[in-house]
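Below: one structure, written as structure tokens.
First chain written, first letter: the chains are A, B, C, D and E, and each begins at residue 1.
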Amino acid sequence: MQETNAFTTLLKRDFMVAFRHRNEIFNPLLFFSLVTLLFPLGIGPSPTLLQTIAPGILWVAALLAALLAADNLFRTDYEDGTLEQLVLSPQPLPLMVTAKVLAHWLVSAVPLLLLAPVLAVSFGLDAHAIGVAELTLLLGTPVLSFVGAIGVALTVSLKRSGMLLALLVLPLYVPVLIFGSNAIDTAAAGLPVSGQLYLLAALLVLAVTLAPVAIAAALRMSVSQ
Amino acid sequence: MLLEVVGLHCTRGYRALFSELAFTLEAGQLLLVEGHNGSGKTTLLKMLAGLREADDGQVLWDKQPIQAWGAEYRQQFVWLGHSNGIKDDLTALENLHMMQALGGEQAGFPCRDAKSCVSTSTVLERMGLAGNGHRFPRHFSAGMKRRLALSRLLLSSARLWILDEPQAALDRAGIQMFESMLSEHLQRGGSAIMTSHHEVGLRGPHIQRLVLAA
Amino acid sequence: MIKTEAAPSNSGLFKLWYHRMASPVWFYRISGKLLPWLWALFAVLLVTGLYGGLVTAPADYQQGDSFRIIYVHVPAAWLSMFVYMVMAVSGAIALIWRIKLAEMVLVSCAPIGASFTFIALVTGSLWGKPMWGTWWVWDARMTSELILLFLYLGVIGLYSAIEDKRMASRAVAILALVGIVNIPIIHYSVEWWNTLHQGATVTKFDKPSIHIDMLIPLLLMAGAFKVFFAISLLLRTRNELLERELPRKWVKQLVEENDG
Amino acid sequence: MQETNAFTTLLKRDFMVAFRHRNEIFNPLLFFSLVTLLFPLGIGPSPTLLQTIAPGILWVAALLAALLAADNLFRTDYEDGTLEQLVLSPQPLPLMVTAKVLAHWLVSAVPLLLLAPVLAVSFGLDAHAIGVAELTLLLGTPVLSFVGAIGVALTVSLKRSGMLLALLVLPLYVPVLIFGSNAIDTAAAGLPVSGQLYLLAALLVLAVTLAPVAIAAALRMSVSQ
Amino acid sequence: MLLEVVGLHCTRGYRALFSELAFTLEAGQLLLVEGHNGSGKTTLLKMLAGLREADDGQVLWDKQPIQAWGAEYRQQFVWLGHSNGIKDDLTALENLHMMQALGGEQAGFPCRDAKSCVSTSTVLERMGLAGNGHRFPRHFSAGMKRRLALSRLLLSSARLWILDEPQAALDRAGIQMFESMLSEHLQRGGSAIMTSHHEVGLRGPHIQRLVLAA
């Protein structure tokens, strides 16, 4: 009872903070579309070429958006001392951490799920491929959030960590990238994709169960410095 | 005996800050940790809160090492460090609610009468922040933020307070208010450990001093 | 309450103008008087433009009636770039002469410009579907229009993120000025890109030089859009002004007048 | 004399701070190669496809690396109060700011210039195209540093600004992206590229002369909040 | 007359903090700005340093508004705010060199004898940080950081000091040391404006008090 109360309060708190900065909600969205936009600009407008690389672009952009968004996850909490208080609170830390990551995912990734089909259409993907793209994003982005949170928890006490975070986290993102973009590719070719989706689902289960413990341990380490 | 420290030892970067440190703290007692800048007060407090591991020696709560208690030990105390631990983007009242939720039902003094179980708005009033409940701490001055952080003490029913320079940034009225809070807490059987460069206005046999001299 | 410490003193006429422009009260009065006339002008231009565009103009020999979306698309697209210029110029004025009014014009421009950019994008892609069989192609003009949208959104985002509104408008002025580098790029990228890749829009639509019966309504509509921009800019600026000057005496007087 | 002294001291200081965090020097490099690597993973290993999109990918990766690196430029200075002291110092702020951006470029972009040919070879670009790629990066990355610095100066006082920074800065990076990747593309097709290079050089001159003033103004604004 | 403030007015979020504030500061004088938490001391200091624009009124240096002086005004004073302005990744000595370089040749007291023109290492010694010159401030305690920040005052030859709670985090020895620095500065004709919740141990007619009461 008490724990669920703390869980929902924390969830609500992080939501509230995000909505207080309303622009923040649109930012991952805008970043996602901006990064996607860079490719046609850099590569050129040829529709067939863009269509071929669309799955890769979508997923790379999602990865980078997740990476940049993750940086916010514990940084402000660390700086204003609320993280210290969280670690010292009698509530179970892995649960509290799950609340924070969940709030973060809802705020930063869900809008992305809504925008992805629009971008997919602009790259000329067909309806089936778009459906699969949505599914992969739905399964994959929570994994990105949880894994990103581990990286952030490890580096939050370091002053200048943006790049270091990228180095820690991007290699861990690779499985999601491979299965995700491969599934869309395969779907665009009209082949079945259940294999990749199962693998993504397995990654998701793994992340949800194990990451909170890792995050909690990393946070205790970071705060005690 | 609430808290007992045995043979505590601390080195930071090859330099011993303190060694063979030992003291006990009973209910109703206040321990003032003193020492010049850099003598290791903050470091000691962090060890007592379990935020830092001791290089040697032990911190015992109720005769058990605090590591063995785990979350149960964290129910017993409130911590206020150099940083305030309040969120700039939640209003003052929301910050208080957050503190309450995270504190849980702290194992400590049960709420016997309405007076000892304070509501968030009376806390604000007591801290001299009346009328600021719906404002954001990012619009507060340094001292107002510290007052909000100290509200944590009134909300919690924990038996032990661990405070690192609680009076920092407070004006005179604020310091007095803090001292009256502290003596109330001690009177009802609570204990406290704090560092301070200010002279504390409390007197009595229940006040111990620990001078760190590295 | 007029800040005059930075007033340049070279020409008396300029000084007068400067004081006038810097005076919120004066602006509020004059814009109030101007607004009804602008509304009337807008109505005339809109009605004649729409009549010309939807009724008298002949159907296109290639596109049939779907071309008529041009009467929204092109004025909106033109305006989207024009508004940015207005915004950047008032940004420069705000930074150099510290005129509060210019700051308010600047921040009022951004949402309007963003809306017109959005309209240009939507009508463009609505038009693209019947024309090219697809909603969107990553061709230079369309992509650069999208970038313009992001420039506007950046201005809006920055302004809303900084709490002190005077600071925020100063920040936004700097940003708007820096962003002006992109305007020529947006315009010419069509050509630069076509050095390698075929542009879909330009080559397709420049060939049939536009019929005079189509052109006149187009110009009328463009006029109507410009006037509409002026109206919404005045309205937004007046709002912004009231909000910022809330504690001042003249606002209180105004409220009392309106109540009485 | 006095100003140049302050200039070199500041330049040296930022260098020293960077070298104290030795890993920081490798980070942009690693990030650059990681991002470049994500594409073959996301898009698939077809060599002709990769060769076609190589210029775009190189430049997009450079853009993102510059963006992430820029975030460090004034943030720590803002937080520890040295930025306040810099703004209050009697030295000319645009000059001081130039020293900081220069140090930042030397530390974060020059290693990238050294690595780019290796990556370009791995994508199958020919020697001429690689030479042009180097030239565009040499001309373009300082522009990215200066423009990024404007964005950072505008947002440094905001707590959670990573995404907002991207939103402000990426559209401003677009000209560099277009000319840069286009030049490599054109070079790979065996055509002359002096036009794009001139334009990049013009952007560089513009950035070096005007950006410091904008950065200084933005910093004054940020510090006074 | 060094500094003159005329009709200064400040509102923060629709609330007036002070209005029609006026005072003058002469060579050799100290102005203590007092007031309870949130009364606007920090805000006033920022205006005096030109970090914040006044809503109304003016700050004059040598009879000219400080905006008109520009960089020349910034040569006249040292600022020490709530934050220390030292870099964690430069050693203490490197931090001092940096401060010197950025300060430039501050228009103020010329170096007459070796004693008044201090070297960085003697500064460290004087601040009680001897032996810490090659350590990094990120390994310093709160008070040691503040001491390093205060070194800025010894290095500069500026005539005006603007200090926001300079004694924060200092121990008693630190506070005494600061007070002796301050009285030396005043004796040689310097001026200072500072806020403080500590009682300042200086006495004399050259000390003015300004109480802000919002």
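Following the convention adopted for this analysis, a residue touches a chain if its C-beta (ideal position, glycine included) is under 8 Å from a C-beta of that chain, and two chains touch if they have at least 3 such contacts.
The structure presented is a predicted model; accordingly, all values stated were derived computationally and were not measured.
Going by the touch criterion stated earlier, list every chain that contacts chain A and also contacts chain C.
Output, common partners of chain A and chain C: D.
Could you find the two chains linked by the most C-beta contact pairs?
Looking at every pair of chains, the most contacts join A-D.
If you average the CA atoms of chain A and of chain E, how many Å lie between those two points?
46
From the mean C-alpha coordinate of chain C to that of chain D, what's the distance rounded to whole Å?
Here chain C and chain D have centroids separated by 32 Å.
Calculate how many whole Å lie between the centre of chain B and the centre of chain C, each centre taken as the average of the chain's C-alpha atoms.
Centre separation, chain B to chain C: 57 Å.
Which residues does chain B have that touch at least 2 chains other than itself?
Chain B, residues with two or more chain partners: 88-89.
Which residue numbers or ranges of chain C touch two or more of the other chains?
147, 150, 153, 157, 161, 193, 196
Counting only residues that touch at least two other chains, what does the list for chain A look like?
As it turns out, chain A has residues touching two or more other chains at 21, 23, 27, 30, 34, 41, 44, 76, 79, 159.
Could you list, by residue number, the parts of chain B that touch chain E in their complex?
Interface residues on chain B, with respect to chain E: 12-13, 35-42, 82, 128, 139-144, 146-147, 165, 168-175, 197.
Which positions of chain C touch chain A when the two form their complex?
Contacts found on chain C: 134-140, 143, 146-147, 150, 153, 156-157, 160-161, 193, 196-197, 199.
Spell out the part of chain D that touches chain A in their complex, as residue ranges.
Contact set of chain D toward chain A: 21, 23-24, 27-28, 30-31, 34-35, 38-39, 41-44, 49, 52-53, 55-57, 59-60, 63-64, 68-69, 71-72, 75-76, 79, 159-160, 162-164, 166-167, 170-171, 174, 177-178, 181, 185.
With touch defined as at the start, can you tell me which chain A residues reach chain B in the complex?
Against chain B, the touching part of chain A is residues 2, 5-6, 9-10, 13, 16-17, 20-21, 76-77, 79-82, 84-92, 96, 223-224.
Within their complex, state which residues of chain E touch chain D.
By the definition above, chain E touches chain D via 46, 49-53, 71-72, 74-75, 79, 81, 83-90, 94, 97-99, 101-106.
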